[in-house]
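Okay, so chain A shows up in both of these, paired with chain B first and chain C after.
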Partner chain A sequence: MLPNERSDRDEPTDAEPADAEPADAEPTDAEPADAEPADAEPTDAEPADAEPAGGGRLMPCGEYFTSYADRMGLVRWRIEKVALVLAIPIPLLLPLLLGGGALSMVTRIFIFIIAVLGLHVILGYAGEIVLAQGAFMAIGAYASTRIVAETGAGLIPGMLVGGLLTAAVAVLFGLPSWRVKGFYIAISTLALQFIALWFFENNELAFIHGGSQQNIPRDVGLVGEYVTISSATEQYFFVFAVMALFVLLTLNLSRTGIARIFRGIHENDLSSAVLGIDVFRNKLLAYAIGGFMIGVAGSLYSLYIGFISPDYFTIELTLEHYVMLLLGGMGRVWGVVLGVSLVTIVQDEIRELLLTYAADATALEPLFFGVLIIVVLAVEPKGLLAGLGQIKDYLRKWPYAY
Partner chain B sequence: MVEIATLFEVTVTGIGLGAVYALVAIGFSLIYKVTGVLNFAQGQLALLGAYLVVVLSTPLLISLELPASVAIVVTLLFGLVLGVVLERVIFRHFIGEPVLSVIIVTLALGGIITGGIRFLIGPQYRAYPEALRPDWSLSLPFGVDLSASFTLGVILSLVVVTALMLFFRYTVIGSILRAGASDQQAAMVLGISIERTILLAWALSISITSIGGLLFAMSAGGAGFTIEAVGILIFAAVVFGGLDSIPGAFIGALVVGLLQQLGAFYAEPILGPGVGQVLPMAFLLVVILVKPYGLFGTERIERL
Partner chain C sequence: MSTKEPQTRLRAGPYVPPEEAMLGCRNVTKTFGAITACDDVSIGIDEGEWVSIVGPNGAGKTTLLNVLNGFYDPDTGGEIFFDGEDVTTDPAHRRARKGLGRTFQGLELFEEEDVLENVMTVQAVKERPSLLSALVFYGAGRGIEAENMRRVEEIIDYLELWEYRHSTVSSLPLGIQRRVDLARTLALDPDVLLLDEAMSGLTFDEKYDMVRFLADLNEAEDLTLVMIEHDLEVVTDVSGRMIVLNKGGVIARGTPEDVTADPEVQNIYTGVD
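What follows is the complex of A and B.
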């Protein structure tokens, strides 16, 4: 609980050498489209991350690696290849199968996956507690809206500017990590959350953010006026493409030296510094990468809602994203996908259920999530993914458990 | 031209407000000092205290309509009980867990309290009963009046700070708390029940926090969700004072109250409404950058 006890945290997922990185093995870039993440469980062919220390990894029978490239590949096991082929058509067919409401929900899931992936880079890899998810998304949203509405440069430039601006702000507010760590970062980013909300609510500063409440122009092109995005289906495909890109990027990031350095810092920043890692610089790098992704998610979110207002970017959003991340399992891309999908679906169901009872019962939503997150943290702090891994391990050894 | 009388008035109000914040901030420091939990739900706990008085003393929700003084006493007792319950039910599971878990749990607790109150009472402002809206005020030089709730805030927070300091220094239980704070294992070896120590800290802290919430609501004439913001503002106070120092929290809170009032009065015409609340946040960032361990905080030295 003290700041210097952070290194005590026992998170096998993060300590894992990247070559055995379970999250890598996922064909997740195609899979998450599946609105029911539970379907896709059997595809994660890697052994559970909760493997007892010292135990060898269980590999599927009859599969051998004959080259280094195979061993390091993103899609390694046979079952993964099958799953990849089977899963790729799912997101492409979804718009045909789902109605407007469900499709809109899946779009929101995709957007939140990007945002939570950003949080996952900062928190899951680098271990910095950033409580400014709402503020980061708001910065991305307002910046891109301004670019789209006033310069007419199109969505992609807007997204890029939104992302870069968010990255810059994230780095700026990451500067205290030069001297302090742990909860001081949490406090300073929480301060950012409140400053940002005040800033966006304040119409006297409209010359910077362009007005506290704005409508997003309809039928905007991706670049300039080309390839306009107008219908919900087009929006879905666009968001899906961006999401797939970021999932792939994050998966590959976790296999590079950068993410290993992040994990080293997460595990023990003092030892990392002794080993010659520039801790401060790498923390800022994590802020920049994560901030960029959250900013892009924010600009997509503004496109999705069609209207921006500070009310969408409150501390509740931050808490919601933490629920998603922690429920799914921190430190793994697949956990993010699982957590976001599950929480969003459950949230929609609960909202409907509550509305049938009373109009003001939606106030119970934060209560529900609060209880959920406390229970998750108390029962399985590593998230659902670790729990599922244990079940799978058990089944794999069954009935000859040793 | 800054008028002396206006400046004095703003300053006095700022100190009054700061004294009310101080109670909430002391509640925070007390928990942090003894248990190491950073309580992000401090604002919501204050909110709970403020609303509980309304619920007990007016026909809202339950038709008990206790007299004001009884309502306050019940609220304080409720704070004690709530502290024990929270520690037993939630925070006990998180002893020794990573700091992230604890932070998220307190944030979630805040969400639970807000959601619950919003559901049961609704988002509206609830006026306090007549007896809790004192109309007297303290007359000070330059024709400045300090409202009753702020006067009470100054007095109460001074009393609480002094009492806590004396308690920590001169009583056996106080030194047990200090022992638990400085080294839990060594304290346990010497036969101190850490469980009871932590329980006591939670109970005291939440009770003190409820007084803060109550006074804050009194100064506004009733309970409203604006009290939640206190939970964030006190971070500026406690970080400035040094997280684990109770007098530090008191001084920090006064500074925050002053900053907020001065900011609200002098900067708002230029920067728009709400600057008063943002200024302490900016101050917080500066403190974290320049002097992260605050005025009286314990500096942590890290070794491999």
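What follows is the complex of A and C.
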């Protein structure tokens, strides 16, 4: 409770300065009834008020929410509602529109979105550099395969176990973050990457991971034997559902205190601690959440390929996911979606081109992404989404500079 | 361990034994290698007091604040008390949650985020949804967030930060940044506020504003304020009590009138006469 609390304003007034503007800018034009927008309920139906009052008025601008809960909504503006309604049918229609190859690519995009979202929670929110994406996905993949093959419990329990196990390993390798940070924690997770590959390549340890190279059981049910996933289209829908769920969960996380605390640690761990944040515990929480998502993505990836081998989970996979994250923009869920989609599509195109014209020039693809990431970091370090935001800002303010 | 004033050099002035004080420390020494930053300091600050800690550069003021809020551990033998409780072994974040707020000389803000997010982050420390309700969001999580936002808007309102609500903190002028730092700390709902040169680098008007807010909090909310400040004019105007440090030790304490009249303080601190 603060002194001088203003009781006349129970309602949120997010657009205070913007509200005051019409009255200030054109005092002659404003009728007395309208001229007190700052104190009277400014949040209440401003656009409706302003328009019938007469032509030539200033356009209403700012945010007009009547409750804090509304302000936190995911779909807040009319244009977002329209976009949502238009966007919903697209993923449902895709299997009809796309051929097998393209659909498979979209499925891969969805899986990688989950994996990169996990990375984004650890790196984008909590700011911990983790170079063990491949290892995390491998753990998820092998664990879920083992569960599915040996217990017959079904895909979803397998995924959950894979995710939880990955989360546990992520937390274990996050423990050094108690003392070290930044670069050094990156090295510790890089070690995990190599340990994990050695572990999964070693067939003598098959009693743990079930064999270095395994075929994924076909026609497995989601839970037990129910709702079997066999065709590519069914797989697509299943992966889409899981992806949508994780996008929603991450969006929810990003607008609650937990992600704020992660971002606080990322921005300034010193003041975070002094302001009451248990830095170490929250870092581990970020590792757990991110690790879980990457593990689930790993088990979906194994389902998608139909076969697991350590070759799919090398350091290249880690770097590929970093390109996706950095290109799209760290810290924003939609940036991840954008980055993964773009990189995967471009990657496929490049591979096809190379196959047609220069089958031997295999280095060109990593080279392309290497150059791309340098350019992105130099031009707009916050990624494509932030760049788009700047263009939007520019257009909104045009012809003024600010 | 006696309740008599622990140092013979102490001048007259109200002194609260650390155990009974809102915030206190006893026999705190802090050395960094060969350097003794704090030398056997004992202070006690009563509830609702406004105490200024002054002293020349390198006197150990910031170190003392860091020891008080748990950022540094004192050398063996030193004890810290908060609200009558021994908090010597508590890490900084736990002391903060108990109600010990602090601002920084160097403004450790979350620079890439806007003002609202900065304050919301700290508010989330106070009132944070469980992981499950955060992930589900609709229901309990949303309620907590809405309540947090209401409270944050209240703080922003109070500190007159409306127009900067969505501005990235690093783009704001220093005076506003200091106010954001204060807002952020207020979100902790502290009982004691440690201010490390909260007014350095501010213009007269900005200082005036800052003092106005602090005085209001101190009087209306009984918020205990401990402030490191170089501007003696401000210090003597606002604080009820002063503690003068030099070379890590307390050389004087008492009301501003007594302390500033003290010849040793004048000699060491102001360099006048």
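What to note about this one:
In this text, the second predicted complex is superposed on the first by the 333 of 402 C-alpha atoms of A that agree within 3 Å, B and C clash if a C-alpha of one lies under 4 Å from a C-alpha of the other, contacts with A are read in each partner's own complex, and residues count from 1 in each chain.
Quick note on the criterion: a residue touches a chain if its C-beta (ideal position, glycine included) is under 8 Å from a C-beta of that chain, and two chains touch if they have at least 3 such contacts.
All values derive from a computational prediction rather than experimental measurement.
Set side by side, chain B and chain C differ in how many residues of chain A they touch, and the one touching more is B. Once the two complexes are laid over each other on the shared chain, residue contacts for A:149 go to neither chain B nor chain C. Judged by the touch definition given at the top, the superposed model places A:346 against neither chain B nor chain C. Shared-chain residue A:305: touches no atom of chain B or chain C. Of the two partner chains placed by superposition, chain B and chain C are both touched by A:271. Look at A:176: by the touch rule set out above, it reaches chain B but stays clear of chain C.
Within the superposed three-chain model, A:227 lies out of touch with both chain B and chain C [touch as defined at top]. Judged by the document's definition of touching, chain A residues 1-6, 9, 270-271, 274 lie at the interface with chain B and also at the interface with chain C. The touching residues of chain C, when paired with chain A in their complex, are 69, 71, 91-94, 96-97, 101-102, 104, 108-113, 117, 120-129, 131, 134-137, 141-150, 153-155, 157-158, 162-163, 165, 184-186, 188, 216-217, 219-221.
On the side of chain B, the complex with chain A involves touching residues 35-38, 40, 90, 93-105, 107-112, 114-116, 118-119, 122-123, 229, 232, 235-236, 239, 271-275, 277-278, 281-282, 284-285, 288-289, 292, 300, 302-304.
Remark: chain A residues 1-6, 9, 12-14, 16-17, 67-69, 71-72, 249, 252-253, 255-261, 263-264, 267-268, 270-279, 285, 289 touch chain C in the complex. Against chain B, the residues of chain A that register as touching in their complex are 1-6, 8-9, 123, 127, 129, 131, 173, 175-176, 178-180, 182-184, 186-188, 190-191, 194-195, 198, 201-205, 270-271, 274, 315-316, 319, 322, 326, 360-361, 363-371, 373-374, 377-378, 381.
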